[in-house]
Amino acid sequence: MSDAPLTKDPAESAPLAEDLVVLESVDKHFGALHVLQDINLTIKRGEVVVVIGPSGSGKSTLCRAINRLETIDGGSITIDEKPLPEEGRELARLRADVGMVFQSFNLFAHKTVLQNVTLGPVKVRGISKEEAETKARGLLDRVGVGNQADKYPAQLSGGQQQRVAIARALAMEPKVMLFDEPTSALDPEMINEVLEVMQQLAREGMTMVVVTHEMGFARSAANRVVFMADGRIVEEAEPHQFFDNPRSDRAKDFLSKILQH
Amino acid sequence: MFDFLDLEQYDLFGAFWTTVQLTVYSAIGSLIWGTLLAAMRVSPVPIMRAFGTAYVNLLRNTPLTLVIVACSQGLYFTMGVSMGASGSENIAFRLAVLGFIVYTSTFVCEALRSGINTVPVGQAEAARALGLNFSQVLRLVVLPQAFRAVVAPLANVLIALTKNTTVAATIGVAEAALLMRDMIEREAQLIPIAAVFAFGFIVLTLPTGLLLGWVSKRVAVKR
Amino acid sequence: MSKAASVLYDAPGPRAKQRNIFITIGFVAVLAALAYWILSELGDKNQLAAEKWDPFFTDSRVWTTYLLPGLQETMTAAALSLVIALPLGAVLGIARMSDHWWIRRPADIVVEFFRAIPVLILMVFANQAYAEWSTIDREMRPMYAVITGLVLYNASVLAEIVRAGVLSLPRGQTDAANAIGMRKGQTMVHVLLPQAVTAMLPAIVSQLVVIVKDTALGGALLGYGELISNTRLVAGNYSNTIAAYTVAAAIFIAVNFLLTYLAGWLEARIRQGRRGTGAVLSSDLAEETQAGGAGIAAPTLDKGAGLPDGTDRPAAQGGTAAGGDGRTGGAGGREPDDPDHVS
Amino acid sequence: GGGGDDDKISVGIKYDQPGLGLKTPDGDFVGFDVDVATYIAGELGYEPDQIDFVESPSGDRETMLDRGDVDFIVASYSITDERKEQVDFAGPYFVAHQDLLIRDGESVPNEEAIADLTLCSVGGSTSAANLAEQYPGAGLEELGTYSECLTGLENETVDALTTDDSILAGYAAQEQNQGKFTLAGLSLSDEYYGVGIPKGETERRDDINAAITKMVDDGAWQEAVDEHFGPAGHEVEPAPELTETS
Amino acid sequence: MSDAPLTKDPAESAPLAEDLVVLESVDKHFGALHVLQDINLTIKRGEVVVVIGPSGSGKSTLCRAINRLETIDGGSITIDEKPLPEEGRELARLRADVGMVFQSFNLFAHKTVLQNVTLGPVKVRGISKEEAETKARGLLDRVGVGNQADKYPAQLSGGQQQRVAIARALAMEPKVMLFDEPTSALDPEMINEVLEVMQQLAREGMTMVVVTHEMGFARSAANRVVFMADGRIVEEAEPHQFFDNPRSDRAKDFLSKILQH
C-alpha cells in the first residue's frame, strides 16, 4: 500500500502528473485473431481507470498483458518508465509490483487464508514469516475478513474470497492494481462488499485499472473510463461525460444494452 | 481338495512376500521416475517435453512382458549389467524391479499430469501474477494440489502394479505366479490352486484400494 | 499458439531461449552417449550381426508363418474382447449408478472382484472351466479362455469408465432432461450415454491398447498362438531372441500407435462443433469429476491456455456451462475412480 | 478320435523344441517326437496328411488327454508317478538324461563341478527343480524359453543351459548354433519319455507299444535319432525297454 | 403456450382467480440444513411471481421442488389441483407440464438447437417428428434464434443459448414456467435479449415463477414479489410496494445491498 493515504474525490481531483503505466501501440494476436490493435494508454500514478466494453473486446487480454501473463506481439509497455522485462528475476519483481485480482478469485485452494496472503511476501519478497503474518493480518482486517484467517478458501463466501484475493495482492505492496471483472462471479449481495474495499483503495490513492460492468463504481470511483471494442480503444473520457454523453456509436449501443434494465 | 497347501515344498508365504517386495520397490522407483517424467512433460524446455512424450508413448504401448524380458535378455544376459547384485535370484529380482519401474513410471507420469490438469488454470496464473517462478509455481501451488487429486489414480496404478508383478515369473523371480506355475505343473489341481492365488491377490489389492480411496477423500482439495 | 506458452511458465525470453539451447545440447549428448553404449555393447556381443536380423528382411516365411498369424490372433482376441466387454461394461457401469441397492451392490462386487485379480489367473480359471464344463475343442479353447479373462477384467474397468463418463457430465443435463419429462431410461439413452461416449472415447482406446498388450499373457501359459508366443518360435528357430523381441515390440508399438491415432481422429469427428458441456474424460482424466465436487466449471490447466503437449482442446473454454450453484459434480458423494488403464 | 473327425487323428506335440518338436518357417513340424508320432499314427492307420498336430504346453497336457482334445501326446513327456495318476502312458520310446549345454571348447569334468556354475533353465521345468534340489549351491536362472537361455550362454553370462540332453542336442544341432555349443555329457537324471494317452485306453496303449517296438525294430527309430541328434555329435542310448504295458 | 394471448399490464391487472400451483407448509432438509421451512405459496393461472432473496435462501430449491427435481420432506405441492406424483409415468407427465429454465442453460450439447427443442415433444409427448419440427421452428423464430436451428449449442452465445432453452421448455406446452436465475450466467450485453423474451411471455399470459436479481424485470413484469431468506418466505407484496416500501428488516437490508451500486 502507498504509505501516505490521501483523500481524493476521484471524479474531480486532478491525478498526479507522473505516468506510471504506459502502453504504446500495443498489438497482440491469438492466431488469426487480432485481439489488441494499436493500443495507446497512459495511466498516471494515483489514477483509477475503468475499462469497459463488450465481451471478447480484449479487456482481459489488456490487463494480462500489463502483467505480462500474455506476451505482446508489437509495441511497448513500460511501468514506472521501465519496459516490461522479458523473463527471470526482473519479470518476477515487476509482477510483484503489479497486483492482480481475477474474476474467479483464484485463491490457492490448499492454503489457508493467511497462508494465501503471506505466500508472496515470504517467497518472492523474502520477508520473514512473522513479519509477513503480522502484515497479512492487518490487511485482512482492513478488507474485513480478519476473523477468517485460518479458514480455507472453500469455506468462505465469494465476496469474502475476493476480498482475501485483494489482500493477497496488496501484501506485495504493488504500485498498481489490476482488477479483471472482480465482481462478476459474485452473488448480487456480495458485490457491494467488494466494491467498497475497492472504493476505499481508490480513495487512498492506489493506482488502479479496473475491468468491470459496475457502472455505479465507474461513475463514483473512476478518473477515466476507457471503452474497448474489437481490440481497440474506441473512446476515453471522464465517467460523467462517457455515461451521459458518449461520443461513439459503438459506446452508445453498448450502453443502451447494459443500462436499459 | 486344498491338501497341497500342507506340502512343505511350497512356500506360499515366501512367494507372496516376494510379490510384496517387488511391488514396494517398484512402486517407490516408479513414483520417483514418474514424477521426474511428469516434470519433464510440463517443463519449459522443448527437448525434455519431447523426450518425456516419446518415452511415455513408446513404453506404454509395449507389452510389459517384453519390457521385463528386455531387461533380462538385453541388459543382463547380453550386456552383463547386473546392477551390483550377485546370485541369480537377486539379479533377476533387480532386473524385474527395473523393468517395472521403467514401465509403471509412464502410468505414474500420466496420472500426475492428469492431476496437474485438475488444478484450475487460475491457480497457476495467480501464482505467476504474484511473481513466483516456474519451479515455485510447480512446487508451492500446482503439485501440492495435483498430488492430492491424484491419490486415487495412483492407487489404481499401484494395484495394477501388484497384479503385474506376476510377469516377473517370465524371468524367474520366485514370486507368486512362478510358484503357481510350479504347483500347476506338479500338482495338476488347477482350480483349487488358482483359487488360492486369486484369494492371495485379493488380500493384497482390495485393502490397498479401500485404504487409498479413503485417503484420497481425506486429502482432496476443497474448491 | 505461436510461442510455446503455457500457464505454468512464461513464454521464454532471450535468456531462457539460450538456456534451452544449452540444456538441449546436454540432453541430446547424454541420450546419444546412452544409445552409443547400448549399440556398441550389442555389437560386441554379436547381437547386431546380420544373421540375427536378416530373417526379418530376407525370409518372408518369418512373417507369413509366425508374425502375421500371431498378430492376427492378437488382434482377433483383442477385438472380440473389446466388443464383448464394452456392452457388458456399460451394463455394469449403469447398474452401479442404479437407485436400487439390489442392482447396485452386486454390480459393485463383480467389478471390484474382477479388478482385484491378475488377468493371468482369470485366464487360467477360464481355460480350466472350459476344459471341464464345455465342449469347446482344443484348438479354440485358449482363445476362448484368453477372451474370457480379458472380458471379465476389462468389463469391470470399462464399467468404471462408463460410470465416470456419465458422472463427468454436468448435473444440469440430467435436470434438463427430467424437466422436459424424460424418464430415467430415456435420459440415459438420449442424453447421458451419447455425450458420455465422446467423453469416454480416449479412455476406451487406452483400454483397447491394454487389451492388445494383455493378449500376450495367454501365450505362455495357455499356448495361445498370439504374437509374443509366435515370436518365441522365431527366436527358437533362428536363435535371435533379442532381434525377435525387438521386432515384436516394434509391431506392438506401431499397432497401438495406430489405434490411438484412429481414435483421436474418430474423437475429433464426433466432437466436431458440439463441445460445450465441458465434460472430457481422457484416458487419465476421470479425476476431473473427482475434482468436480464443487463444480467442473473451472477450466483446468489442461482445458485452459493449455499445458504444452496437453490435449488439443481450444484454449480458454470458460466453463460457465456447468451449473453455477456449485454442486455439480460428485452426485450423491460417490466419486468414480480412475479407471485403471494400467496393466 | 478326439478331433471329432474320424478320418483324422490329433496328436499333441511341442512347437518350440528344436530336435523334438519344432514349427518351422514353412509351417511344418520337424523333430524326433514328430517322427515318432507320425510313425505311430501310420501304424494306427493314418496317413501323414491325416494327422492334426496340436500344440500341447506342459501345463496343459493332462487336461488335453482327459478331455479327449488329442488322441495321444508325444511331447518330451516324462513318465512320472504323479502323472500316471491322471493319464496313462505307452512306451517309453526314448530315454533322456538331464545334461548341460556349454560353450564349445569348455568342459564340465564331473557332477561336483556343477556347484560352482551358473546355469540356466526354463522356469517351472523338472530340470530346474532337479538342479535346485541336487545342487543348491549352483546359480540358476529360470527364464521363459530355452532360446532366452542361449542368449546368456552365448554372451557368457551363464555357464551352461540345463535340461534333457535330447532338447539340448536339438539346440546344438541348429544351423545357427552349429559349432557354438556342445553337451557336457553328464547324466544327472533319467527321463523316460512316454506317449501320453487318456486313462484306461488299454487297447490304444497296446497298439502304440506295438508301433514303438516296430519302429525300433525296422530301424526307423535309429534313423530319426541320427537325423535329429546326430549333427550335435550327441551319443544316444538305444531305445529303452517298454515298461508301460497293460 | 396459452392459445389466446391476452395483453395485460402485469403490475395492475387482477390475475385470473384460478389457483394453478399451490404449496402448503412445504418442508425440505439437506442433512441438518433446513432449506425450506413451512413454505405456503399460491400461484394463480396467468400470474408472474418473482422470487428474490439472498444466496442460499432456498430459491432454487423451491423451484426444483415444484418440478420435483427435489423431493420434499413435508407439506404438499399441487399443480392444477393434482398433488405431485411420486414417480414413474405420472411424474414425467407432470414435469412435461412444468417448463424449467436454468441459470446454466443446460442445453443438450450433443444435439443441434432444433433437436434440443424437438426431443421432448417427440420422446415424451409422442408427437411426430415433422410436426415437432414445424412447431420448434416457430418457437425458435419467436425467441429470435430461428436462423440458428442447425447449430450446436456451443456455437451460440450465452444469450442465444438461453433463448433456445426457453423455446425447448415452451415446446412442451407447459402450464407454468419456472426460471431459475435465467440471466445471471450471461454477459451484461446479453441479459436484455433474454429478459425481453420473458417479458413477451408474461404479456401473453404465461404463468411464471422467476428467480432473478433483475429488479427492472421484477418491477415491470411481476404481479407479485416473494422475498425469501433462510428458507422462509419473509415477505410477499406487489412489486412497487416491495421495492419502494419493504416491510421486513431482512428485505430492507437485502435491497440496500443490491440497489446501492
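Chains: A, B, C, D and E, in written order; residue numbering restarts at 1 for each.
Basically, a contact is a pair of C-beta atoms (placed from the backbone, for glycine too) under 8 Å apart; a residue touches a chain by one contact, two chains touch by 3 or more.
Please read all numbers here as calculations on a predicted model, not as lab measurements.
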### Query
Going only between touching chains, how few steps reach chain B from chain A?
1
### Query
Which two chains have the most contacts between them?
B-C
## Note on the structure
Averaging each chain's Cα atoms, the one nearest the global Cα mean turns out to be C
### Summary
For the pair chain C and chain E, the C-alpha centroid-to-centroid distance in angstrom is 44
### Query
Hey, how far is the Cα centre of chain B from the one of chain C, in Å?
17
### Query
chain A to chain D: how many Å between their CA centres?
83
#### Entry: Per-residue overlap in chain D, given as positions that touch at least 2 other chains
59, 63, 144, 148, 151, 155
### Query
Which residue numbers or ranges of chain A touch two or more of the other chains?
88, 104, 154
### Task
Scan chain B for residues touching two or more other chains and write them down.
69, 73, 78, 120, 122-123, 125, 128, 133, 170, 181, 184, 190, 221-223
### All pairs of touching chains, each written as two labels joined by a dash
A-B, A-C, A-E, B-C, B-D, C-D, C-E
### Message
Help me check something: in the complex, which residues belonging to chain D touch chain C?
### Response
2-4, 10, 15-18, 22-27, 54-57, 59-60, 63-64, 66-67, 69-70, 144-148, 150-151, 154-155, 171, 174, 176-177
### Message
Taking the touch rule as given, give the residues of chain B at its contact with chain C in the complex, in rising order.
### Response
41-42, 44-49, 51, 53, 57-58, 60-66, 69-70, 73-74, 78-79, 104, 107, 110-111, 113-125, 128, 133-134, 137-138, 142, 149-150, 152-153, 155-157, 159-161, 163-164, 166-167, 170, 177, 180-181, 184, 190-191, 194, 197-198, 201-202, 205-206, 209, 213, 216-217, 220-223
### Task
State the interface residues of chain C toward chain A in the complex, per the touch definition above.
1-3, 5, 10-16, 294, 298, 315
### Query
Where on chain A is chain B touching in the complex?
67, 69, 88, 92-96, 98-100, 102, 104-110, 119-120, 123-124, 152-155, 165, 168-169, 172
### Query
Which residues, counting only chain C, touch chain D once they are in their complex?
45-46, 51, 55, 59, 61-62, 65-66, 127-128, 131-132, 137-139, 141, 220-223, 225, 232-233, 235-242
